[in-house]
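Some structures are shown below for you to check.
In the two complexes below, chain A is the common chain; its partner is chain B in one and chain C in the other.
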Partner chain A sequence: MANDVRTVDRKPTGPTPVKDEKRTGLGDYLLFALTLVLPPRYTPERVRYDRRYRTLDKYRFISWFLLVPLIIYAILVISPFFQAFYYSLTDWSGFSSDFNMVGLDNYSRMLEDDDFWASIRNSLLLLVVAPVITLGLGLFFAFMLQAGGRRKKSDAISGVTGAKFYKVVYFFPQVLSVAIIGVVWGAMFDPITGPINELLRTFGLGSLTQSWLANPDIAMFCVLFVMCWMFVGFYVVLFSAAMGSVPKDIYEAALLDGASRPTTFFRVTLPLIWDTVQTGWIYMGIQALDGFAVVHIMTINAGGPGNSTLVTPVYLYKKAFDVGQAGYATAVGVVLLIITMIFSGIMMLLSRRERIEF
Partner chain B sequence: MGNTSDVNRRDVMKRAAALGLVAVPGMTALSSCASGGDDGNENKVEKGKKTKDNPLAVNKKAGLEVVIFNGGYGDQYAKDAEKIYAESYGKVKHAKTQKIRTKMQPRMVKGSPPDVINNSGAENMDIASLIDDKQVTDLGPLLDAPSLFDPSKTVRETLRPGTVEKGQFGSEKVYQLNYSYTVYGLWYSKSALEKLDVEYPKTWDEMLDVCAKAKKQGIEAWTYAGKHPYYLAFTMFAFIGKIGGADRLKAIDNLEPDAWEHDAVKQAFEAYAELQKKGYILKGSSGLDHIQSQTQWTKGNALFIPNGSWVENEAKQTTPDDFEMTVAPNPSLDSSDKMPFETVWAEASEPFMVPAKAKNVEGGLEFLRIMMGKESTKNFTELVSALTCVDGAADGLDLGPGLGSAKKVVEAAGDNILSPRHKDWYLQLHNEKVGGALASLMSGDIGPSEAMKRCQKATDEVRKDDAIKKYKR
Partner chain C sequence: MSGEIQVTSTTERAEEDDEAVTPVGRTPEPQAPARTPKRTQGGVLNVFSIGILILWVVMAAGPLIWVMVNSLRDSADITGTPFGWPTSLSFENFTNAWSDANIGKYTLNSVIILCGSLPGTMLLGSMAAYVIARFSFRGNRFVYLLFAGGMMFPIILAVVPLFFVMDNFSLLDTRHGLMLAYIAYSLPFTTFFMTSFFRTLPGSVAEAATIDGASHMRTFFQIMLPMAKPGLISIGIFNFLGQWNQYFLPLALNSTEKDKALLTQGLAELSVNQGYEGDWGALFAGLSIAMIPILIVYMIFQRQVQEGLTAGAVK
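Entry: the complex of A and B
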């Protein structure tokens, strides 16, 4: 069977299996653990003469050096996660130190909470659509900046004229704080004095003017647009850097074979920067799942009209701070965390490909 | 050490993560910081000696800490009151912020709050939850202390009607003192109406006539803060009360199962929907925030705007000199209304509270007593052009046109003042659900019956939600 071949294949490369070792008891493990925290000179005899001592010594060496950062990491990053789980099981109001355990009540309440489901739907929509658009545009622009220009004699590929300038311009929104972006775009969408409607009127397209954020059918697209606008520059720069590291001779070879630009892009560029795209995808997905500031600052009633732009982080915020249900809000946060982790997991699985070395 | 390549990066990460996890249980003892407050009262100051001049027995050696919301009213009025306090009772530590919640909530949880909090602004702390958690002092002693406005009365007796009730949350105890007094209604420019050669309409038919006349001049008569649609409720609630009587608002406050199905609600919604249908609402209002809509209004692009009496101060910069800002009650629907035209929603606002775990509770109460004295109330009205909750405190003062009209409206209303509690009892229901339904109604997305259904559905949901504390009046 094919499987057998593989096992045979793998054997020599894998770690040597410990076979004839006598079984290690619990006491031994405790002793090993103890050794890890003791200074080397107090290493118990039994451990010192164990054949695994070398490995243990190595890890002891590393972990002692990492101790301080590890403790800081545990306090500031890991423990809040566990606290969140704990608080999600309480009816904590967020205003005092008294609360009761309520078990999984918060979670079962969530199942019947229409607003919560509306927020999940909106967040998932953003999660799927925002990365597709942003990364797509980012790739397109980056490719244009890198290889979209007229061919010069000296170079196999070159960007469009003024590529460096565009790169700076694209990156501009990234420099602004999210809050400012929310305020600025809120003013852009202003139905009476906003530049967008103004522009439409100037070109005689007055019939297309909209009360952008007040129309439940359009509001979500406005949010989507702003999110893509603010993040696309970052991905242009990211992908440009990745494309820049692809050796020019590969392009040259493709050109000699008569490949057109689209072919070059799909057959050469994209496969070679796939790792970066994958990272970008996860990163953008997480940003799309957040979307707090834009929605909270820009939209009507922070998430409206109705629930049409309500995203989960905004809903969480409202529950925690507007109505003093911090326990319930924490449960919503835990669900959001789980969704984010599932998303990352799926993306890692889907985009697992063989890495191309170059 | 061995060859480094046999510990690859992934292994180290795995082990590090495992170690991190192991470390966590050890941390929990330390890290209950978010909720591990000091509940003891050991750090309270001792009471002072009770005298005629010091009826609340303030300890003169204890300092006072006051935190003021730095919003439309600024904080100068509080600083002036602090000076008076400092003359008799010692130092005052003053702080101002726009983010009451962000700054104060952690201190409340930790059990070391300041002595007075002006719990106001868009980012205020949910007072109902605070009371629920026993974090707020009962202001009873203050209300029964002699007033500095009229020494022959107690503080309670000097307050405008509704002020005490506004501080109550489901019991007789008063937890919040609302210092300012707000009149909600339909605001207009007297000079603009004169230009159109019309009087302020007293019935809805007259209102439609005025709108039609304005439309002929190319003016869409109404605008509103579409981004904060609960502004619409300022006139809508009074309208419902006017048509169906004060009990209709009581039913809404009490979350009754048919509160929003009543005819009065239907008629009020239909009347407002007609404005939309006939094109009497400034196009795009649904996407404006409060400032933008006020600016459209002061620029003369609209005649009427539902608002509160803070608008005069807030819109000062864009208001032309000859604007003659005026407030009036929402027009009556017709002669079958249960309450007269003068009926208006007015209430005490700008809440102050003394945290239960404050060090110097007596000092906090005394500070509020000084705020309601003659000197401070006069100073407040002059500084920020707003009325205070002390009855008669604005008499004889030189008020601006808007505030002057607000005062007249309150006086004309007499006993016909409505004070619905919906907004402070069920903030989310009021602002988002009812506000959202009103927004959709005014933008024409839904009709009156659908708007009623949505309000009722949201009310039913809140009534059934055990996590939300209920109140009755």
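Entry: the complex of A and C
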């Protein structure tokens, strides 16, 4: 029996189902309360045969099951979230327990902070460009896999041979840790031992060789590239699944009308999976705004050279844990949250269109 | 290629516009010449598209294969000549990485954390989800939105206060502390996903169990949880990869003691050290140790993994 696996030593908050009763005395209330905290096995006889026992049993179950998840969640997720807003108004260093309220000083300080603006610029670049490239490639590959194959007589559309294989390989980066990806690409971009420069030299393009991550003009594009590389596979699989659920007869109809493949894609496939594209866009935008691990691991001095690859989360982390400006760092975090929310809001408004049922 | 076909299509459409009923004799005429080029152009397109598809296979798998091949070469050989085959089969790099660079210990640390956090997430998440999905009580909606809202919420914003909350509870740099943090930040999505899954399960089975005298606990553990197995597998894979690959939380909450570092932290560290020592072999061996098991597991369960990871975005 799984009845007595856990004991909870706090009185749960679930309301005791006591309505007006003839013989309900204080003792009964105490018994009901006791029942709520005791395992079912130790339910007092008197309560067990009360006709309100079933409701009591239900609420006991609900409060026991919700109690532990809610406490963990409230302490470690909800409370830091609200504390962040509070600390963003203080000059707290993070090292000592005393701090003063400084109002909006942190926010006005941000306006004159060049590093902060550099980080915002880089983050916005990722936010705007990364989803376009990633989703574009994802849609292209997914459509190829779903409808790029030779036309067979029986099917209106057919995928390329080995579509499954491509999907499996494309998804590789998605199952690996960002830490691994950061280190692997750090080695890929290495000017001497990295294969990118070696390939360029082999093909006689030695003049194009770069110290990729040490060149402030190029480093950010390397970060952008790695971010896209990581996520393309995810969107190929996501969009393939969405395209697979589009009924075949719609494609048949398009084919009968003489639609070419690009027309089929833009006029049939894309509108039908627009919901998925929209969700994917928001998801990718949020991922791009993060970009912490790639920058922190791969780039020189986590955001260098200079601040050419500094993204806002890395800046926040440095301020909080390296130089001890916890108050200022949380203020940066609040700004980041606002940007995220504005982005999601804009995306939802822009891409709102009638949902097509099929 | 599309131009030609589109021309065909427009003429066809134009004809249809002219007269609703196309003369029977005329229809095959424009189609017959169009057929042949269509097939050849399809062939050209196929070569082109398959070329791009294969190019991306090289892009996606190439770096990983490069790392694995190089993990078998001598460090001295690797420097300066990135491409090459191992001259002799030696696993020296792997032993170096495993023991000298402590990758073995870091892997063990990661496994220990995961052994606590993954079952914890699954159990607590499905408990909360079950109650939310199948019982009506005051505050049900509120609790649900509380969890669902947490999904939108970036960890980075909470990390500074979280650090001090953990410090106050003396959970910083402890294994159970990190497990709790993993659980807490996996709960929103797990609960959200499982709630919608429990809602799809038929209520009649649970009712039958209740009539037979099963308690709520028993109904949950012996009836509903087994029925929710497909959902549990999806979300389990999602959480497994998410927690195993987690870099940010351990970096913020678990970085003072080197002994307790996780695999992801260890690899980042190894990459920095490699810069000083030039020991590429150990770095690549460390990376291979970290990625080969995951890739093998992925290839065995690829369908489930793909479904599990994309499930979040589809919902």
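Here is the rule we use: the second predicted complex is superposed on the first by the 278 of 358 C-alpha atoms of A that agree within 3 Å, B and C clash if a C-alpha of one lies under 4 Å from a C-alpha of the other, contacts with A are read in each partner's own complex, and residues count from 1 in each chain.
In the analysis below, a contact is a pair of C-beta atoms (placed from the backbone, for glycine too) under 8 Å apart; a residue touches a chain by one contact, two chains touch by 3 or more.
A quick note: this is a predicted structure, and the numbers were derived from the prediction, not measured.
Q: Once the shared chain is lined up, is A:Val169 touching chain B (first), chain C (second), both, or neither of them?
A: The answer is second: A:Val169 touches chain C but not chain B.
Q: Touch check for A:Lys58: first (chain B), second (chain C), both, or neither?
A: both
Q: So, does A:Phe95 touch the first partner chain B, the second partner chain C, both, or neither?
A: After superposing on A, A:Phe95 lies in contact with chain B but is clear of chain C.
Q: Have a look at where A:Trp212 lands relative to chain B and chain C in the superposition and call it first, second, both or neither.
A: first
Q: Touching A:Phe321, do we find chain B (first), chain C (second), both, or neither?
A: After superposition on chain A, A:Phe321 lies in contact with both partners, chain B and chain C.
Q: Just chain B (first), just chain C (second), both, or neither: which does A:Ile78 touch?
A: both
Q: Determine, for the superposed model, which of the two partners chain B and chain C contacts more residues of chain A.
A: The partner making contact with more of chain A's residues is C.
Q: With the two structures laid over each other on chain A, which partner does A:Gln278 touch: chain B (first), chain C (second), both, or neither?
A: neither
Q: If you stack the two complexes on chain A, which partner ends up touching A:Leu70: first (chain B), second (chain C), both, or neither?
A: In the superposed model, A:Leu70 contacts both chain B and chain C.
Q: Could you list which residues of chain A make contact with chain B in one structure and with chain C in the other?
A: Common interface on chain A, chain B vs chain C: 58-59, 61-62, 66, 70, 73, 75, 78-79, 83, 87, 94, 186, 192-193, 321.
Q: Which bits of chain A are touching chain C when the two form their complex?
A: Against chain C, the touching part of chain A is residues 1-3, 5, 14-15, 40, 57-59, 61-62, 65-66, 68-70, 72-73, 75-81, 83-84, 87, 94, 137, 140-141, 144-145, 148-151, 160, 166-180, 182-188, 192-195, 198, 229, 232-234, 237-238, 241-242, 257-263, 276, 279-280, 283, 286, 289-290, 292-293, 296-297, 313, 316-317, 320-321, 326, 329-330, 333-334, 336-337, 340, 344.
Q: Quick one: which bits of chain B touch chain A in the complex? Just the residue numbers, please.
A: 1-2, 7, 12, 15-16, 19-21, 23-24, 27-28, 30-32, 34-37, 39, 101, 105, 108-109, 111, 123, 125-126, 128-130, 132-135, 226-229, 282-289, 292, 296, 301, 427-428, 431-432, 435-436, 439-440, 443, 445, 461, 467-468
Q: Quick one: which bits of chain C touch chain A in the complex? Just the residue numbers, please.
A: Contact set of chain C toward chain A: 2, 5-6, 8-9, 12-13, 42, 45-46, 49-50, 52-53, 56-57, 59-61, 63-64, 66-67, 78-83, 124-125, 127-128, 130-131, 135, 137-138, 143, 146-147, 150, 152-154, 156-166, 169, 180-181, 183-185, 187-188, 191, 215-218, 220-222, 241, 244-248, 251-252, 263-265, 267-268, 270-271, 280, 283-284, 287, 290-291, 294-295, 298-299, 302, 305-306, 309-310, 313-314.
Q: Residue numbers of chain A touching chain B in their complex, please.
A: Where chain A meets chain B, its residues are 54, 58-59, 61-63, 66, 70-71, 73-75, 78-79, 82-83, 87, 91-99, 109, 114, 186, 189-193, 197, 211-216, 300-301, 303-306, 318, 321-325, 328.
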